[in-house]
Amino acid sequence: MKNTFGNSISVTLFGESHGEYIGATIDGLASGIEINHDYIANMLTLRRPDGDISTPRKENDDYKIISGVIENKTTGTPITVLIPNENIKSGDYSQMKTVARPSHADYTAECKYHGYQDSRGGGHFSGRITAALVAAGAICKYALEQKGIYIGTHVKKCACVSDREFDNLTEDIRALNGKTFAVLDEKTEKTMKEAILSASADGDSVGGVLETAIIGMPEGVGEPWFDSVEGMISHIMFSVPAVKGIEFGAGFAISDMRGSVANDQMYIENGKVVTATNNNGGINGGITNGMPIIFRTAIKPTPTIFKPQNTIDFKTMTETVITPTGRHDPAIVHRARVVQDAASAIAICDMLAMRFGTDWIK
Amino acid sequence: MKNTFGNSISVTLFGESHGEYIGATIDGLASGIEINHDYIANMLTLRRPDGDISTPRKENDDYKIISGVIENKTTGTPITVLIPNENIKSGDYSQMKTVARPSHADYTAECKYHGYQDSRGGGHFSGRITAALVAAGAICKYALEQKGIYIGTHVKKCACVSDREFDNLTEDIRALNGKTFAVLDEKTEKTMKEAILSASADGDSVGGVLETAIIGMPEGVGEPWFDSVEGMISHIMFSVPAVKGIEFGAGFAISDMRGSVANDQMYIENGKVVTATNNNGGINGGITNGMPIIFRTAIKPTPTIFKPQNTIDFKTMTETVITPTGRHDPAIVHRARVVQDAASAIAICDMLAMRFGTDWIK
Amino acid sequence: MKNTFGNSISVTLFGESHGEYIGATIDGLASGIEINHDYIANMLTLRRPDGDISTPRKENDDYKIISGVIENKTTGTPITVLIPNENIKSGDYSQMKTVARPSHADYTAECKYHGYQDSRGGGHFSGRITAALVAAGAICKYALEQKGIYIGTHVKKCACVSDREFDNLTEDIRALNGKTFAVLDEKTEKTMKEAILSASADGDSVGGVLETAIIGMPEGVGEPWFDSVEGMISHIMFSVPAVKGIEFGAGFAISDMRGSVANDQMYIENGKVVTATNNNGGINGGITNGMPIIFRTAIKPTPTIFKPQNTIDFKTMTETVITPTGRHDPAIVHRARVVQDAASAIAICDMLAMRFGTDWIK
Amino acid sequence: MKNTFGNSISVTLFGESHGEYIGATIDGLASGIEINHDYIANMLTLRRPDGDISTPRKENDDYKIISGVIENKTTGTPITVLIPNENIKSGDYSQMKTVARPSHADYTAECKYHGYQDSRGGGHFSGRITAALVAAGAICKYALEQKGIYIGTHVKKCACVSDREFDNLTEDIRALNGKTFAVLDEKTEKTMKEAILSASADGDSVGGVLETAIIGMPEGVGEPWFDSVEGMISHIMFSVPAVKGIEFGAGFAISDMRGSVANDQMYIENGKVVTATNNNGGINGGITNGMPIIFRTAIKPTPTIFKPQNTIDFKTMTETVITPTGRHDPAIVHRARVVQDAASAIAICDMLAMRFGTDWIK
């Protein structure tokens, strides 16, 4: 498969930045699942640029669900969500058509699609497509919450400014899901935003790290070879533009530990198996152990910057210099956070359905 | 899918540590591909414990190919490789049957398989299964080499001792593939081994980081949503036991960079597009750009250590203390390196076949 | 998978009879394939009821392609086609909501979706959904024609009236594709229509047999276990509502033959291998042999008839009698013919892409 | 996928007629399912030639299960079954290597595999491979029986001799599963065998029709687009060599009926929905309705006959005449019957697992 993710529950994304609609089709969800439109709208809002530290492209993301839902309940057949592209200014991008923006997909799209790709606004590679992913993921995330499974993501680091660690996960997740700028420590927000604006003032951009926690997962979900929880989550996460790394539990830090430190010793608490540490991020042998799933992704700085950069024209195969103009984000970490929530929800729903059957989620 | 990886070329793994055979079935490879038995045997040897810093379990890994190959050429139909388990001492593990080894899959296997799992020697979760993955990957890796695509992995770090950076990739990869202990800097080997043995003397274990380079990849391979090169490689890598993180190009370090530093500026060299830096690890928008694919994985320390650890008996649901005895590796990083080579080869073959058709590899 | 068909090229269908849109997403088609809107519109027209012998529900099927196409060329990313439902009269169906129409999917939908299914007009089970399949298939069918592969389907039998046999396939297929009522023998049309109208006058309905020929197929396409040409074509055909049987080549008649009659003896004609007979329908061992692919499907009579029938109310679990009113087709065979063309084209495209790579079709 | 069937539960087949082993890997079965070796052995015996009306090639089919089973219970991880090829006489076939046997896969294998295929004894296309399918299917079929789902197949017709219709399905299925030559009417056996032997005496072969009944299926299983029950069953059935047609319920005969006859009127019997007739074969809209699933396949006469036939040498591309010698079956219908049982069981298990989760079957 190509533009479809998932085994038991699958999501297909379609659309281009400057087409009429972008959209997603979710297949395999049980019937009778409640669709909470406020919840979806809220997640879409969190993904949108906010004018403060983001690109001025504003869209209402007035999604519509054109199939698979009646009276706010899933029917059990494919759910297609459409989001119209409202604020299309193709002119901004026309001069870039054959000049590759460094670290964008312009050149690789050319290699793969041989000149037929939609290059307007990044086309199918645009971060815009993540709106459709968020809509699909919002449906899944809300459904998971009805089963006691909660997902929250914070900006662990942005522009080299770090947020505090997760502490009380239940409270932290609840707090994060109510925030526009998802940091755990209130004071971090101001510092991060200043650092972002400082880079922006330089015509530059910044990256960061997103950290996600998932609580309430049943034990025994995931497959040893090859659909491990880490394998499935990483597979979908690397589709989110700008993600260049992912780590679970202690992640790369575990590689410097000795076994006696890294091992999560086990206890019984209220009749449930728990571990003292969670260096494995809730997953052993690819399968959930009932502890929270914890992972972090590395988000690269937005590739579009307002500085001249050496690049090539792939049509003439000549070297040139590019200095983008127009609207762009100096950072996307704070927006990508809700995409990460959404993508997590999709992967988790799929793994649960594979384990317990399509109807489990209901 | 569960125990199968891949779209156009797929690999299914089966077997348990103490069963009669472990094995792999590779489906989708074109007919007429040469099988180089020395090459396969060599990769299997590299995966095996070497007695110096590894567990004394020695097996010859006398694999046999029982289908899909005639006169050392693939027929185009599924290739099944069997590897007998020779050195089986179930007794070593019998007392552990319901006492979970911390950070192993014992407890999660119980949650998923409800007491029916094969717990002898880790069963289907044993690192032993990677021998079958290596055999399958060796076939793919050799086939890729005939097309000018080379893969090499070094122990970037082990027991907190670091190897040098990749330099001349062509030479480094060639050198690595001839080495038993895969470090680029000869002097590192001694220091690393000492650090491993030091941990071993303490009854402890160590982890590390593996770094892989893939050169010769055609441009335009990979899919934007969701089968990106990063998505496919990470999916298979997280099946390798002990992997807890993966990063491409600059990886997590890119999250601290500004865009002006992170962006890979583009040039033309001998009529081919190249980038000055390779912070994106050869991949933009999930698609290869012709630069080397570079990624690193975080390998956790071997969970089995000879120190008492708190754990639980999942049958009686009581807390207990475990102090493993028997044979175990103080480190597996140096052995996992060839597994990473093999898994990479499988993912790359699959993506090439999806792009260019099954016969391309021939 | 559920609502997706295909390996290398996949089609997902979504939508309900009385929703805002029905649609299809085609993934995996190469970039640069020409989209011929007249061709698509024509196939949609052929599927539509024509007022003469069909239901009066008239819709223009003003499809739009909202992704994956620019300037009438595919971009290589998912193509989503939407078709608005214009002529929605939910009232016609409201009384049937819990009374199962015999031989319809009303009761099985209830069993599967537990009361959450969209029952208006058959919902996701409506023949209306085939319009989306036709749109997707039309894109594939036109692409195949550019490569010299032609598909044609005739109404072999309807209301017990038989058409003549295929004769000159090239000419017959060309002729069929220009006809509204696809019979090879002009005189059959009138007799068939009279038989259909006669059943209609009785408040009854009729079925028939559709026969498809595919010429120009390369040899060597298809997989022995399990994605044989027959397996893939039958899989998609049984999704077309009302299909209850499929046979290739001589089909069921071959079971009465002796081997000496059934075997297709082989010759060489103009440097190409041909067979004297084509009892295997162009397929041996699941793989194309270069002869025309020939198959027939059994189409059951439209289940909605204007006669009282015993049935049940699945909500109250009581027996009752149903006498449908409203608009319905006395036959759908002549309309299903273009659905069969379309579904064939999708399956063939997928198999070719699996064999020769995504770009082959271009 | 190619050599793998199924979504939630999958079966991969490997091996060649004259290799060391043929085999199957079953993935996705829940843990704790009982393996009944007598049951498997019995089904393998039913598939074997019996010397009376079949080829003298005798093999014990001493299968072994090398993974995924401990103490006769599934572990939940992939189950690999190996069956050794004992009675290998490659010499019989050596002269045929480039002379295509009409209606065999010799020529299409050449087209697909370009001379690298294993042509000894039909290689991967040999009916021998169905032994592995039977072993895998036997595991599934026994598991289904523990859940009250029973499958039985009879030789509905062979050599133009017909068996009686199904009557009391429970009794008929029980009787069939105990029979070597699966006909419902005892008297038919003798007549059929005589007809087979008569063809054999002429150096010729015969085909037939197999009819399968599946009882005890829960309602609501199957998917509308595209994984309908008919779609999934037909997909796997067309992999069984010699199958050229399949029909469900009334099948092709339904195409001649009027709706008022074809429609299955519905009643309530002991609180369960039933239909008066079963022209839809237990399936509406691709989904089970709780009535027995009934289908028939058309089996072509064995292509190997002892009469001279015109054919081609695909290496020299010249016309020639072939007169096979050696061991061959004048009919395989009576042996294919157990293959059809097995393949049905695999498809049914997969659909149930997709619907109710992996653990349902347990």
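Some observations on this one:
Think of it as A, B, C and D in the order they're written, each chain with its own count starting at 1.
Everything below uses one rule, namely that a residue touches a chain if its C-beta (ideal position, glycine included) is under 8 Å from a C-beta of that chain, and two chains touch if they have at least 3 such contacts.
This one's a predicted model, so the numbers in the text were calculated from it and none came from an experiment.
Comparing chain pairs A-B and A-C by the number of C-beta pairs in contact, the larger count belongs to A-B.
The chain with its Cα centroid farthest from the Cα centroid of chain C is B.
Chain centres here are Cα averages; for chain B and chain C they lie 46 Å apart. Taking each chain's centre as the average of its CA atoms, chain A and chain B sit 26 Å apart. Centroid to centroid, with C-alpha atoms defining each point, chain A and chain C lie 38 Å apart. Listed for chain C are residues 1-4, 7, 13, 77, 112, 124, 224, 354-355, each touching two or more other chains.
Chain C meets chain D in the complex at residues 1-5, 7, 13, 100, 102-109, 111-112, 124-125, 129, 157, 160, 199, 202, 204-209, 219-228, 230-232, 234-239, 241, 243-260, 262-268, 271, 273, 275-276, 279-281, 283-290, 298-305, 307, 309-312, 314, 317-319, 354-355.
Interface residues of chain B facing chain D in the complex, by the touch rule stated above, are 1-4, 10, 12-16, 19-23, 25, 27-28, 31-32, 64, 66-68, 70, 73-80, 82, 112-118, 123-124.
Against chain B, in their complex, chain C makes its touches with residues 7-8, 77, 224, 353-360.
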